[in-house]
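To start, I am sharing the structure in question, which I have written as structure tokens.
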Amino acid sequence: MRKQLFNIIEPSNNLTTIEKIYDVFMVCTIVVSLLPLTSKTTTSFYLTLEAITTIIFIIDYFLRFITADYKLNQGKLSFVKYPFTFLAITDLIAILSSVFFWNNTFKLLKIIRMVRTIRVFKLFRYSKSLNLLINVLKRQKESLFMAGALVITYIFISALVIFNVEPDTFKNFFNALYWSTISLTTVGYGDIYAISEIGKLITMISSILGVAIIAIPVSIMTAGYLEEIEKEDTESK
Amino acid sequence: MRKQLFNIIEPSNNLTTIEKIYDVFMVCTIVVSLLPLTSKTTTSFYLTLEAITTIIFIIDYFLRFITADYKLNQGKLSFVKYPFTFLAITDLIAILSSVFFWNNTFKLLKIIRMVRTIRVFKLFRYSKSLNLLINVLKRQKESLFMAGALVITYIFISALVIFNVEPDTFKNFFNALYWSTISLTTVGYGDIYAISEIGKLITMISSILGVAIIAIPVSIMTAGYLEEIEKEDTESK
Amino acid sequence: MRKQLFNIIEPSNNLTTIEKIYDVFMVCTIVVSLLPLTSKTTTSFYLTLEAITTIIFIIDYFLRFITADYKLNQGKLSFVKYPFTFLAITDLIAILSSVFFWNNTFKLLKIIRMVRTIRVFKLFRYSKSLNLLINVLKRQKESLFMAGALVITYIFISALVIFNVEPDTFKNFFNALYWSTISLTTVGYGDIYAISEIGKLITMISSILGVAIIAIPVSIMTAGYLEEIEKEDTESK
Amino acid sequence: MRKQLFNIIEPSNNLTTIEKIYDVFMVCTIVVSLLPLTSKTTTSFYLTLEAITTIIFIIDYFLRFITADYKLNQGKLSFVKYPFTFLAITDLIAILSSVFFWNNTFKLLKIIRMVRTIRVFKLFRYSKSLNLLINVLKRQKESLFMAGALVITYIFISALVIFNVEPDTFKNFFNALYWSTISLTTVGYGDIYAISEIGKLITMISSILGVAIIAIPVSIMTAGYLEEIEKEDTESK
């Protein structure tokens, strides 16, 4: 009977009707459990939703725990190891954040609530169409990591320059980093911008170089995608 | 004679002069029929335009209806089925929105007018150069759908985090979703932005990840385009 | 002697020293002739610059005219045809705008000055490295034209919808078109933006679709570039 | 012993433990030396940091100088040539900027501090994963240079047109150039924007063309990346 349970809760290649129902039901529960976060006031309706979804997640966690030996294939040791796997930890954090949501001090609410958004990552557990994308990301991992490092270095240098050239505009270095990020990504809210001529000149150079640097990860992604598609075409022939 | 009419109103591969004239005439009529929407006041000139274009659309709809058997090739049944095809329904909605535009209550005007913009989609009925693009979109349909789901999920998560971290800036969750979308697409009007330090930090992370996520559909489109062009080159050899 | 003059003013494949000097001299003259446009006040220094550069351009135009038969290879007929070639017309407009700049009424100044910026296009007459780019643009002409039509259609529809949904924000339809363009290109100055909830919803949909539509010409350009580079590699083998 | 020192300070293909420690230590020192720049006030803690890091950089410079013959392989001549190599000059500027930071007049501080950010470029001395990117940049150097020239020309023309059409919005030509750059890169802070109808029309045309022009360097980068990856795949087979 535990074997059957495991087959239901764990998505396999050949899904039966009952497995599909469980999957869809869990995805819906995750989405519903996030609804209380979209409101400022805590109504009794949201409290009920919170209670029901938390109970479902506790049951799901319990079922996964008692079938852990089928998952990890390590006999009794599986029950010790399972709670420390990445997905089990995210499940636990999501459940605990809900429990703390009940009996809490008001101050902590803010941060604990944020942790609950981790719950959304559970959605991907039930998705398959991300495989191509994940393959591209895996193969271009190093290049993308390098591009990310370049972007962060550039943001830091750009912030450093503007902060020393125009210190009156920026309250502290964090504000300069914020300005640099918002400019590089071309969002440009307009809440902080350089006022002096030299500051504007640096903004101009920074924006143009920024667009060029943003182009690097886009290029890597595109080249990676194309390579992956071509490989699949060759394999399918 | 109905056969001749059908040949005129329905674009085929070898266009004769009269067919081309009909096509150009209908495209112009569609554009002209949209002109009254670009003004706040309803002058008698616009009312006349409205009347004339609506009559033309009614005639066009009638001609298409009585030649439906040539279109669908299902004998008498065609006349029953035709009004429920996608293009016939859009034609009907466009006509009805104009008719309601005559004798209406003022309040409904706003929404009905919006429906009329559907009329523009009729333009594509007369265009052929979109084929390559449509092929790319069709072949990459699944990947693009996945990328779209990723973008929407990301907007939702980003809104959820900022809404709980900085509730004072956002009147309701819809405003947080609006902020998230405007930031992710790098439009950044600057009407809503995070004020607290933690909110700014989330804005920074959100923007950088946002640019990376926007790069995914761009990559898919480019890779798809290149594949399609290469295939055409191989076929033409 | 006219033959020698022609060889100097017309760039050929094997440039001699004197030809290069003429080219560099003309490019500098063009840049210098634009300097008076970068100032609000008309100083005597700028008037002198204006006079000198205009005289140089008149001489250049005259030299090109008297050697037109070598350019067009149509004997005496060349002297009649030459003034109506595209480059000769732009040369003439640039010269005339400077002449009108001398004895003018103040009101006309603004528009005439704008025409003078055409002068910059003469720069490309002396450049060769644009060939690859021009080849890509030529080969993808139809696709890019289609993408351009799509972008303009989308801007128009987006403006039409917002103008009818939120008429209070937009003074006239032109302002709606301006908002639509600034949003689609993700510039987002923040001088005009939707205030109502329904208007914000349309902004969100509009921005996301806008990014997707902007991706189309970028994809076409990239695919075209790659095709051109690969072709050159094959040819050079 | 000088030979051993050289092996430690100069990264080679087969890194030993001591070489790795030196590399990591220098990268950390560079980052730490930049920390005083992120604060407006000069505390004694930052002055101490400044002193320590400067001394480390002086020792590093000295060690590199006395092992210059192993680096340049030109015997005694190496010691004369080394201080004029690019990296040695950046090292020297970084050290001098710190020394001037001690005993200085207040006015000069601003500019000298900026020079110190050059120090960050030393980070790349210790990085290897940038090779693929550098290869792409090298191979596409001419195309990217041309694209850069096109972008700058476009910014200049765009600024010239708006400055003459709407002179009241822009204090001087530099402001027009600033507006043009911020619009082209789609940052759009919203601190300067066209107000007149004709100015808005130019903004619209400018933005759309701007996005198209920005697409050119992105295309070149992507095509270059893909070519480089394909070449590596062919070589590894």
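Order of writing sets the labels: A, B, C and D. Residues in every chain begin at 1.
The definition used in the following text is that a residue touches a chain if its C-beta (ideal position, glycine included) is under 8 Å from a C-beta of that chain, and two chains touch if they have at least 3 such contacts.
As the structure is a prediction and not an experimental result, all values here were calculated from the model.
Asker: Between chain B and chain C, two touching copies, which fits better, same or different residues at the interface, with half of the numbers shared as the threshold?
Answerer: Chain B vs chain C: different; shared/all numbers falls short of half.
Asker: Expressed in ° and rounded to a multiple of 5, what is the rotation angle of the C-alpha superposition of chain A on chain D?
Answerer: Rounded to 5 degrees, the superposing rotation is 90 degrees.
Asker: Could you find the chain whose CA centre sits the greatest distance from that of chain C?
Answerer: Computed centres place A farthest from chain C.
Asker: Please report how many Å separate the Cα centroid of chain A from that of chain B, as a whole number.
Answerer: Once rounded, the distance between the two centres reads 31 Å.
Asker: Using Cα averages as centroids, what's the distance between chain A and chain C in whole Å?
Answerer: Once rounded, the distance between the two centres reads 44 Å.
Asker: Which chain A residues reach two or more other chains?
Answerer: Residues 186-190, 218, 222, 224, 226 of chain A each touch two or more of the other chains.
Asker: Name, in rising order, each residue of chain A that touches chain C in their complex.
Answerer: These residues of chain A touch chain C: 186, 188-190, 222.
Asker: Which of the residues in chain B come into contact with chain C in the complex?
Answerer: Contact set of chain B toward chain C: 34, 37-40, 110, 113-114, 117, 120, 123, 129-130, 132-133, 136, 151, 174-175, 177-178, 181-182, 185-191, 214, 217-218, 221-222, 224-226, 229-230, 233.
Asker: What does chain D use to touch chain C in their complex?
Answerer: It is residues 142-143, 145-147, 150, 153, 156-157, 160-161, 163-165, 167, 172-173, 183, 186-190, 193, 197, 200, 203-204, 207-208, 210-212, 215-216, 218-220, 222-224, 226-227 of chain D that touch chain C.
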